[in-house]
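You will see chain A twice below: alongside chain B first, and alongside chain C after that.
Presenting the complex of A and B:
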């Protein structure tokens, strides 16, 4: 209370007086500085060269041997097994059976796991099937393991048969070697991320899995769509809730793949050539950073590595890049059948990359811990560490806090802030009366709006049929939007009626909401910087810019509300379809449903943040704009 | 008293018994025996303490350094009973080793350092600073087995070789502790006070190795380090089958010199030091002679790397049994 009071009276300390004087002007420069900071990140000057932190890894210090006739023949064996007449009732069983037999014949301890999951909680059931084989490290004690995984379909919805073939080849190679200090697990799923998640849950004590090994230290996921050859590989590493694999893993894979002449580019993006202008380089870096930030904020990436990160297993996906003119790929796209092409030309190089990576990981003595777990990567083999990007979030939070401080001091009528010592007691009394009158209303408004958020959050979980399909979930979101608009109009209308004594003060409301957003963004920024920036972009930024005028006119209010509608969850959810590569009016995939599914299955934060922060704060901004 | 301590020297054991029997006879014989040992300029027994302080697969080369040195001193005649070999990790049985049960110091892999007849006295986590200092100063627990004791006396020449990761005035043991140059200097001082050596050759291959002997203040110590202060001691061969470097440069070039040396050699320490080629070793080996009384050009390599068979030829018949 001392701070509050001294703000109102003559007892203020010099620092507080200074703060009071300048806080009004500080919010905007800080906001600008944070945006400039973000815009500076893609410049090469502000990034650092990647390096290996962990001594034990020794990447690329071995001769690679993958690609012998035996390995190729093991790859062919998968096709032979798939071609066998089978009594299996569906495609999944047939494929799983083929892989199971192929793994067994290579001497792996194999097991088939059947499971069912519902994409959205409580709605329907999809069945899936996992097969895994464990190659035992004969001279070690099965306390640690490495994992190679593939899903039967790639993220671009093509068959991933080439990756399964390669895994068989790698299993053959690995079984010939004596130098494994860790078991190697080969895992094939037909349920994508859900399949991996189910498998991991069972593996880590969930039950239902009998062929087991030790602690999994790292996982490499493969995606090789049908092609005659690959132009390179895309490297994807983003997990849910901002989780990332240790930077060492990303670095060694990039380094090894470059030496094996099948470079793994981050997100499949080749760097701008060295000779290009700074603008081109900047644009390329910015594009790569944007992809990472959106991937991390939404929690969607290419490949099936994301569930591993939740179990503290460092993982990434290597995805073969197919040239648009590739004849095999074109044939597959037109006929829907992958031509039998057991060993695409470049698969040997990919196999050797995985081999060399496995040997490097085999050298690990303890869990990855030396290098960064928080980073963004502006170009191949370069990085921006958390220390270099987090100040942007700090500036954002500071901008919110300074404006909140200023608004708090400026709330109520002007005569409460006079410097006249004679009226001190009256002023303090008036101030207390003001707070006692307005604060409960402010808290009440915030609570009511958040109640709506809670309803938004809980309904789909309590009544799953609300989001049965993408169409119903879209309808649900729009219904909630209508309810929200009427709530905004109702609340802001309520306080127009009384006139003698103000029961609310928009400055107070805005200050409290700003504090709230500052805390959320600040805390989130150290966990998931990308999500924090995105959240600030849709809540904090409009909030700072809400009701910046001194006197409200009708036109200003309308303009403000229009801006807020543009930044509203419904609007951004529709626009984010475009980010997901869908038409804004295509309702076959609803981001809301996706967030919900990720929250339910992977504990992703996007869904609760949309329901409990983004949605309510947007409404509160509108209320601030429309209040008397 | 001193005669009794000689019993510790297994190599001369039988001979000593005979002498003792003789010495109990006449006082003139006793004098002769005393003269034989004490008047002698040279040492009567050799010991070697070979220490690899690093563990983990990527430090394969440090194990190979120590094992190469072990193989060399053994070849030149120091028996296993006089060699204390301390290896902080086991590379031969490491599952990552593509050549199980073998350790090589060259990608050519002609010599298996772990082939047969390797006696590791302190292994794995037994290699600690405490154990090392206890070994040197002789303050070991009563139940310590004989192969873990340094049973030297004032006639012992001791070769101490250390390798591992170090820095200015320290050498890391395992992954958790370190010995500093004062610790070793103090241990040597105690050894001198307790008459546990006649001369010491201290050789160390680590980064900034020359700082490690800078604090010595006991007599009769000759020290050789692989690199000066601020310098790294670099690895030599990388083996792409194993995926690790297999030896350090300084040790490798020492061994290369020893390949031309056998137990009958008259090569001196000065020859060895003259053979150091800084452009090959890629660091500046250092030698500290101020504590060492003898001229290096007259100090035979065999004084430290080989085992003495103290045979003294006499021109006249040596009276045994009751004299007339």
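Presenting the complex of A and C:
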């Protein structure tokens, strides 16, 4: 540990000597170990069986009654109201009016909320309408509430009218019962996540909302695309900055849906059958984990549950899985007309799943707290807790730390590292003079590159319309990339000149950058493991693997810079879009813009991390590779 | 930076050629003027940055920073101060209601600032920070003058220039955040550095007064009277070649009188309530709001009947180092003072990042010790992780509700452990250097302390 300044002069303890000798070789085994750890996670041996931690929930201990004639006619009532509202001036008003009247007729306290939002700061504004109705609980005085939400369009951009119909049916069912200890709020929005966020902000004291209830304990979001029947349901639960609902909620929904014979699969993925080989099982688990991790890292999930998690409301989305051959779905896709009601048995199964979930949540004695908040789910009804996956992040950080230690010890000239006590004072002098000369320059380089990152961060927020159009945003990203490259060339050129050659040492610069990345990845991993792993993949990994020799040849430098260009933000942006089958150069709907919007509205961390860590560290790596 | 000029003066002493000496003196004056300009530039830049942020982003300051537990504690919170001022303006005792726990001296200052626009409050905070930086710079200059003869043979001395010391204080992110959060700890810091500067310049009475003010503002700086007393005695010792116990006793008596007078005066105005709300409140760690210290978690967990015993133990741990540390480093009371500032920062009952920022600000004064540090890699990393993890764990615990108190306390432990490592390392470095100076023949040997 005393590898830093003390190296020169003091006699080293045996442990220290060992550390100095082997720290150079430790970085790679640790890196390898972290990757192996990640690859081991999908094995069933390393995962645990899911269980209910909160016994008060008592899932599936009740007779479900949803699906009577009255409930079905309440669902049809939505269609009738929509037909009545045909004089409304636009689609949003028509839908909102219909839902408002339907809720009112069921005896809910209802309210319409009109709002405007801009997807990315400074870019136009879109208007939206929320409608919500509150069913007052018979057994309490509106101190707690449960919530069911739906957006008018699903995430695959189809109409979600089936979910709205089901909500009307559920409202009818719930208003008939006397056992509610918590209010039930039914919320319909046409603004997607932004609509939910606006509603939540108003509900929690932002103003503009008059029909209210108590603390919302849990929320279930529904997405039922047009279809005759569903093959099952997809369960989505990822929030914006690595937030997850309590594992108990996920578990009870999975359990109940299985009993109601419309199973909710995680991300809509059916487990590999029991009889399949271990490889099949492994591949299925790995695919599911990868989906979760990427979803958590970029903060995008199916459904509108993400904003709830920011308000300490455990939430998830249930999304109907449509068979590719479903006639209703095919008809909707070809004609676009409002589809007919799904088959009664499907509606009944989903309705009873929600009913039973509501009954369980109704039993909740205090806020969800028993089970895990940090987990990844490798298969349906199995989990991996934080203690089992966080060591991978620890190994990554350790790999960076060890290489940084080694580089710091190896900086400067060789005669500063001898063991001879007779030359102690000379060594100390030489070493200290070296640090005095180089350290300010190293800090200066890091600060300069980060200044570019700050400009990158602030410009789209400060300058309105900077990311408005395809052309300007593309031009903006490429201008920044050009500025970055010229900065890299300028800095590395400065230190190439003979007169100032000893003013910096690449080992020192690399060590400091590694320590810095280690702190960021380490702190981030406890909050958002997926994002931390992704960040390590694009910054830490290239950092450890480039410039590993002392004397660089031209070929090695070129190979390094090419590799770093491949790992650069612009390149990953273009590649990821190409991989998704989108036009690689159209930045209006790029992840960059999405990150910016999420940062602005939901405070998610991807955007600042790209600007302040990913982008600068990539440039610093290039500078290190180009240094003498 | 100043290494060359020092070497030059050293060379000049060896070859007494008047023309060369005159030329060197001119050069020295030139570099001094340049140094002064540089210092001024640093102070202006540092103040400008702070003022711009305070004026341009008032929301960031009032809503976000000033409510962060890492930056403002119950005894330094600006919001509580405003509340106290409000109460006192309406002729109610500010110590009613158990919200306000700060010194009446601040109350007097801020009652004045209350009638002026907000801009003046901002200016006062920025000015206080600039004054701390200036005093640190002056301390660096004074110390460089005093310790010229104090060197290891064969060693190249680098002395951190005053402007570099000011830069490292003013541009430390922790310092900037503390000022932006308007934590009232900065007033205590100003008193501390002023006391140290007055002490090292031989102005004992002034130093005692400043220490009394600092002790009145945040209690713990009272331990600094030990190094101040030594500073007073050191100047006399050089004249008389022996330690004068009388000198030390006189300083202590004066300090006791000054502190007692301050407390009695305000106790007469506000009644005993004042004493309970400030001194007693700090000593008993009555408010268990989380902070970056060790007290809150422990005292939440503990059974009530053991609390008196453990607060005595905890406070003794924080205060008892005053005498041994001062006496061990009696030849360099400024160093003893720095160590005590660090100990207070790690072990006081309501610490914040601001306390660490003063300790880190004083460290560049002892740049000659940097090369003796053994664990700087460990302590730097621990402090970085401690500072980085605290907001993350706070977010998980308080804002999302997915973590718990153990998370945040773990970050606190890392932070305090980092400070303690740094303190031990610093003390060891000082001892080894003293050994090198006093017994130059050992400087090529390995020293094993047992």
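Criterion: the second predicted complex is superposed on the first by the 599 of 628 C-alpha atoms of A that agree within 3 Å, B and C clash if a C-alpha of one lies under 4 Å from a C-alpha of the other, contacts with A are read in each partner's own complex, and residues count from 1 in each chain.
Operating definition for what follows: a contact is a pair of C-beta atoms (placed from the backbone, for glycine too) under 8 Å apart; a residue touches a chain by one contact, two chains touch by 3 or more.
Because the structure is predicted, anything quoted here is derived from the model rather than measured.
Thinking of the overlay built on chain A, is A:58 touched by chain B (first), by chain C (second), by both, or by neither?
In the superposed model, A:58 contacts chain B only, not chain C.
Taking the superposition as given, does A:139 touch the first partner, chain B, the second, chain C, both, or neither?
first
Check the residue A:362 against both partner chains and state whether it touches chain B (first), chain C (second), both, or neither.
first
Give one of first, second, both or neither to describe whether A:178 is in contact with chain B, with chain C, with both, or with none.
The first partner, chain B, only.
Which positions of chain A sit in both the chain B and the chain C interface?
On chain A, no residue contacts both chain B in one structure and chain C in the other.
Can you list the residues on chain A that touch chain C in the complex?
Touching chain C from chain A are residues 1-6, 8-11, 243-244, 309-310, 312, 367, 369, 373-374, 401, 405, 408, 421-426, 428-429, 431-433, 436, 515, 519-520, 522-524, 526-527.
Touching residues of chain A toward chain B in the complex: what are they?
Against chain B, the touching part of chain A is residues 55-56, 58, 61-63, 137, 139-140, 177-181, 359, 362-363, 365.
Which of the residues in chain C come into contact with chain A in the complex?
So the residues of chain C touching chain A come out as 152-156, 158, 370-378, 380-381, 384-385, 388-389, 392-393, 395-396, 400-403, 407, 443-446.
In the complex, go through chain B and note every residue touching chain A.
Going by the criterion above, the answer is residues 56-58, 93-98, 100, 238, 240-244.
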